[in-house]
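Consider the two complexes below, in which subunit A is the common component and subunit B and subunit C are the respective partners.
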Partner chain A sequence: MAESLFWALVAAFLLGCLAVAAASLDGALGARGRGAGNLAGGWSAPLAETARLMRQRRRTLVAADVLLWRTGGAALLVAALLKVAVVPVDGWALADLAVGLVWFNAMDVTVWAAVWLTGWGANSAHALIGGYRFLAQGLAYELPLMFALTAPAVAAGSLRLAEVEAAQRGGAWFVLWMPVAFAVYCLGVVAFSVWGPLSVAAGVDLAGGVLAELSGVDRLLVLAGRYALLATGAAFAVPMFLGGADGPLLPGWAWFALKTLLLLAVLVALKRRLPVLRPDRFVEVGWLVLLPAVLLQVLVVSVVAVWRY
Partner chain B sequence: MLESVVFWVLAVLAVASGVAVFRVDSMARATYALAVSFVAVGLALLLVDLHYIGVITVLMMVMEMAVMAVYMVMFMGMNPALMPMSMVHDNRAAIAAAVTTFVVLAGGALLVPWPSRREPDPGTVAGTAQALGEAIMGSKMLVMLTVSPAMVATIVAGVVLAGARGRYDRLGDDLDRRPADDPQPGGVGR
Partner chain C sequence: MGVRQWLTTLSLRQVHVLVVEVPGWWSTRVAAQQQLSARGWPEASSPADADVLLVCGHPGARFDAAVEQVWDQLPGPRARERAETPSDVADALDRAAAVLADTDRQRRDAQDRDRPDDESDQHSTDADAHEDSDGDSGANSHEMSDMDHGDMGDMGDMGDMDMSGMDHGDMDMAPGGIPLAGGGDDRDGLEMDVLQVPLGPVLPCWPAGLVLRCSLQGDVVVAAEVEVLTAGSTAPAPDLSPRAEAARLCDQARQVLELSGWGTAAQQAARVRDDLLTGADAAACRARLGRLRATVERSRLLRWSLRDLGRASTTHGAAVGLPVPVGDVHDRLLSFLRSAGDLLDERLDEKADHHPADQLKVSARWTGTDPVELPDLVTGLDLAAVRLVVASVAPDTATADTSATAEVDGG
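Take a look at the complex of A and B:
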C-alpha cells in the first residue's frame, strides 16, 4: 500500500517533469520564431508563466457556474494522471489493468466533458463557443482514435498494455506495420490535448476560446493539464506502437524515456508546422478519410493476426 | 474491508448524484450529475471483476452526457436553458412511475428463485462470465445476427428521411453539379 502510494507520487512527478519539458520546448520554439537571439527566456517561459499565474488574482464573473467551471479546469490534469497509471515502463505499470487500453480511452473521453465544462462554466460567449467547438471536433477525432487503439490490441491479442508491449519485444514494432493507426493515434493525442492544428477550442480567433476567461491558478491548471495530456499521449504511444522498452544497449527505462521525449518533442513542434483546422472542415476529413483508412488498417492487422495464430 | 468502503462510497455517490439531477436548477449541472452517477455505477462494476463492462460504462456515459448537454441546451431553445429552471415536471405521474419501477425491479431481484450454482465451481470469474454469456446469447446468436443489419438499415433510413437536404439538392437534378452546392463546405472538397 505505502509502496504503491510512493510510486504513484513518482509517476505524478515524472508526468509533471514531462509537461514542463514540453512547455519549455514550446517556449523556446516560440522565442526562436519571434527571432529572439537568446533562447534562455524561451526555455524558462513556463516557470515565469507559472510564477505570474500563481500571483494573479482569480477573475470573478457574473453568474458563472463556478463549481462546473473549476471542475472542468481541474479534470484535464486528473485525466492525465489517471492515464499514466496504466502505462507500463519495461513491463511494470502502476495499475496493470486487464483492460488498460480501454481505461486510457475512457479517460480521454472525460476530456470532452472537461473542455466543455470549462467553456460553459465561465458564462461567457467566447468560452462557450470554444467548448462547443471541442465537442464538434471530438465527433471527428474520437472514432478514428478508438479504431487506431484497437489495431495494436488485435495484433497482441490483449487489452493489457504490458502484453501489448511484450508482443513487440524483439520483433517488429507495431508502428512499422500499422503506420496509419499510429498517425491517427498521434492526431487524436493532439486533438484531446487541444493542441496545435486541433486547438480551435482555444483559438486566438475566439480570444482564447475556453481559455478566454481563465486567470490565475485556474488558468495554470488548464494549461498544465494540456501539456500533461500531450505528455501522457506520447508516453502511451511507446508501449502501444514504439516497442515499449525494447532497444539495444541501454536499459529498458532509458529507452522508454528516450522514445517518450522524442515523440513529445515532435508533437510540440507540430504546433508551429501545421495550420489550425476548422472543426466543420475536419469532421468531413475525420469521417471520409481517417475512419475508412484506419478501418482498412485494422482489417490488415486482423488478417495478419488470424493468419499468424 | 477496503472493498466494502469503496462500494459504499460509490453507492452513496451514485444515489446522491442521481437525486441531484432533479434538485439542481441548471441543465448543465443536471446532465453532469447524471454523468457522475453513471461513473460511480461503472466503477462499482469493477468491484465484481467486470473490468471491461465497468470501464466501458464510464467511457460511454461520459461521452453520451457530454453530447446530451449540448442537445438539451439546443432543444430547450428558449432562455431557460441558460437560466435557472426546475428539472422536474408532471410530479405525480413521475413519482408513481418511479416508485412502480423500483418496486418491480427490487421485488424481482428479491423474489425470483435464482438458480444456485449446480456445476462444480467453474473456479474462475472468467468461467462464470463465459457460462453466463453462453446462457444468454448461445441459442440466440442467429437472431442477433439478423436483427443487427435490420437495425443498421433502419438507422440509415431514418437519417436519410430526416435529412433536410439530399443529394439532388447538393448535386442538382442530374447529379452532375461539381462542386456540390453546400451551405457549409466540407473539408474534403466533394
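Take a look at the complex of A and C:
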C-alpha cells in the first residue's frame, strides 16, 4: 500500500515535470516568434507565470456556480493523473488494468465534463460558449479517436497496455503500419488538451473562452491541466504506437522518456503553426474524412490480425 | 518574507496587460504592443487575465465609465495607467510594474474592494455572492457588463432598444442583478433563449471604442446594435504617409490572423507592421511582407476555415453607397496584405516629400467600413464568425460620426 502510494507520487511528479517541460518549450517558442533575443526568459516563462498566478487573487462572480466551476477546473489535472496511471514504462504500470485502454478513453470523456463545467460555472456568456464549443468539437474528434485506439488493441489482441507494448517488442512498431490511426490519435490528444488548432474552446475570439473568467490559482490549475493532458497523450502514445520501451543500447525507461519528450515537443510546436479549426467546419471533417479513414485502418489491421493467427 | 519577495520579482517578468485603445490613438496602442513584445509581457485576453489596465488615449465620459467597469474586474494585484503619446508608453508600463510590486499598496487596494459599498450597490441582497463592490462585476460578460442590464440607469438604454420577439417584461427577474434571458424564435422557428451580450469596447483584436450589442441565441447573433464610444478630446492627426497606411493594413491583417488562431502568421504581420513604423529598410520590409503574403496565400487550411464567411456582395455595397469590401473574410485578409504591398512598392522610398494630392489619393484607397454597416453584416452569424467579419471589414471608428448608431432586427 505504502509502496504503491510512493509510486503514485513519483508518477504524479514525473507528469508534472513533463507538463513543465511542455510549458517551457511553449514559452521559448513564443519568445522566438516574437523575435526576442532573450530566449532564457521564454524557457522560464512557466515559472514566472506560476508565480504571477500564485500571487493573483481568485475571483468571485455574481451568481456563479462556484462548486461546479472549481470542480471543472481541477478535474483536468485529475483526469490527466488518472490517465497516466495505466501507462506502462518498460512493461510496468502504476495500475496495469486489463482494460487500460478503455480506462484511458473513459478519462478522456471526463475531460468533456471538466471543460464544459469550467465554461458553465463562471456564469459568463463567453465562457459558456467556450464550453459548448468544446462539446461540438468533441462530437467531431471523439469517435475517430476511439476507433484509432481500437487499432493497436486489435493487433495486440488485448486491451491491456503492457500487452500492447509487448506485441511491438522486436517487431514493427504500430505507428509504421497504422499511420492513420496514429495521426487521428494525435489529433485527438491535441483536441482533448484544448490545444493549438483545436483550442476553439479557449479561443482568442472569445476573450479566452473557458479561461475568460479564471484568475489566480483557478487559472493555474486549468493551464497546468492542459499541459498535463498533452503530456499524458504523448506518454500514452509510446506504448500504443511507438514501440514502448523498445530500442537499442539505451535502457527501456530512457527510450520511453525520449519518445515521450519528442512527441510532446512536436505537439507543443504545433500550437502556433496552424490556424484554429472552427468546430462547425471540423465536424464535417471528423465525420466525413477522419471516421471513414480510421475505420478503414481498423479493417486493414483486423484482416492482418486474422491472417496472422 | 523571502518567498513573497521572490514571488513578486518572478511575477513581474510576466505582467499581463490589457490594452484599451481609444478611437484615434492607434499609434499609441501599437507602441504599447511593441513595448509588451519587447519586454516579453503577454497581452491579456480578458480582464480576469490582466494585471495592468493600460488605456491608450483620452476616453470620453461613456468610454471612461466602461473602462471603470473593466477595472473593477481585474482580480488584483492590479495597476491602471494611461498613455497619450507613443513615447509615454514605456514610462506608463514601468509605473504600473512599480505599483504591482508594492505589496502593501496592493493589500490596501484589496481590502478597500472587499468592503461593501452600499451607495453604489443597488442589489444588496446578493452581496454575499461577490467580492467586488459594485454588484455586477464579472457578470455575464466582462466588457461593459452593465450595458445590458436594464436596471442600471446610468448607461443602459435598454428602454429604447426595440427588438422584435424579445420579452422585456421579465427584466425584473434579475438574480444577482443580471436579467434572465428572454425567449425568441430561432432560425428554425423554435423558441430559444435570447441573451443580450455586448461585445467591446474592451476586447483584444476589436475596433477601438466599438460596442456591438448582440442578441444571442446560443452563439448565433440574431440582432445587433452598434455604437461607437468616442474620445474625450481630439485625437492627434493620423500619419497618412504610405508607410503608416501600410502598417495599418498589416495591423488589420494581424487581427484577422490572430482571431483565426494562427499565432505565427499574426506575429509575422506584427513584425512587418513594427518594421514599417520604426523606419526599417524598405527592401527588408517589402521582402518580409512578401513572405507573409505567400504564407497566408499558401495555407489551404486558412482558406478552408475562412471560406464564405461574411461574404459581402457588390450590389449590397452599391445599394447603401458605402465602401463595403466585397468577398469573404479570406479575400479581405489577402486584400489587406496586397494593398499594403502596393503602397510599399509605389511610395515607400519617397516618403519624405509627397504632395498633399498624393496623400489624398493614398488615403482614399482604403477607408474602413462605416460602423453602421456592421449589424447587417453580422446578423445570423455565430460569435467566432462575427469577430472575424468585424476584423476583416475594419470599421473605421476614429472618423466615425459620433452619433452613429444603427440596429437591425433578425428575421
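One rule holds in what follows: the second predicted complex is superposed on the first by the 309 of 309 C-alpha atoms of A that agree within 3 Å, B and C clash if a C-alpha of one lies under 4 Å from a C-alpha of the other, contacts with A are read in each partner's own complex, and residues count from 1 in each chain.
Keep in mind that, in the parts below, a contact is a pair of C-beta atoms (placed from the backbone, for glycine too) under 8 Å apart; a residue touches a chain by one contact, two chains touch by 3 or more.
Everything numeric in this text was worked out from a predicted model, so none of it was measured.
Colleague: Look at A:R281 in the shared chain and tell me whether it touches subunit B only, subunit C only, both, or neither; answer first, second, both or neither.
Modeller: Once the two structures are laid over each other on A, A:R281 reaches both partners.
Colleague: I'd like to know which partner A:R58 touches here: subunit B for first, subunit C for second, both or neither.
Modeller: After superposition on chain A, A:R58 lies in contact with subunit C alone.
Colleague: Now for A:G170: first (subunit B), second (subunit C), both, or neither, which partner does it touch?
Modeller: neither
Colleague: Contacts for A:S124 in the overlay, against subunit B (first) and subunit C (second): which applies, first, second, both or neither?
Modeller: So A:S124 only meets subunit C here.
Colleague: Could you say whether A:R219 touches subunit B, subunit C, both of them, or neither, answering first, second, both or neither?
Modeller: A:R219: touches subunit C, not subunit B.
Colleague: In the overlaid three-chain picture, which partner chain does A:K271 touch, first (subunit B) or second (subunit C), both, or neither?
Modeller: Only subunit C; A:K271 stays clear of subunit B.
Colleague: Looking only at contacts as defined up top, I'd like to know whether subunit B or subunit C touches more of subunit A.
Modeller: Touching more of subunit A: C.
Colleague: Does the superposition put A:P248 against subunit B (first), subunit C (second), both, or neither?
Modeller: neither
Colleague: According to the stated criteria, A:V204 is in contact with first (subunit B), second (subunit C), both, or neither; which is it?
Modeller: Second partner only.
Colleague: Looking at A:Y132, would you say it contacts subunit B, subunit C, both, or neither? Reply first, second, both or neither.
Modeller: both
Colleague: Once the complexes are superposed, what residues of subunit A are shared between the subunit B interface and the subunit C interface?
Modeller: Dual-contact residues (subunit A): 132, 277-278, 280-281.
Colleague: Which residues, counting only subunit A, touch subunit B once they are in their complex?
Modeller: 65, 67-68, 71, 97-99, 102-103, 105-106, 109-110, 112-113, 116-117, 120, 132, 135, 138, 142, 159, 277-278, 280-285, 288-289
Colleague: Would you mind writing out the residues of subunit C in touch with subunit A in their complex?
Modeller: Answer in residue numbers: 6-8, 10-11, 13-16, 37-38, 40, 45-46, 48-49, 51, 73, 75-77, 110, 126, 129-132, 135-143, 175-178, 195, 197, 203-205, 216, 218-219, 257-265, 267, 271, 299, 301-302, 304-305, 382-384, 387-388.
Colleague: List the residues on subunit A that touch subunit C in their complex, please.
Modeller: 31, 33-36, 38, 41-42, 44-45, 47-49, 51-52, 54-64, 122-126, 129, 132-133, 197, 199-200, 203-208, 211-216, 219, 271-278, 280-281
Colleague: Spell out the residues on subunit B that touch subunit A in their complex, using ranges where they run on.
Modeller: Residues 26, 28-29, 32, 35, 51-52, 55-56, 58-59, 62-63, 65-67, 69-70, 184-188, 190 of subunit B touch subunit A in their complex.
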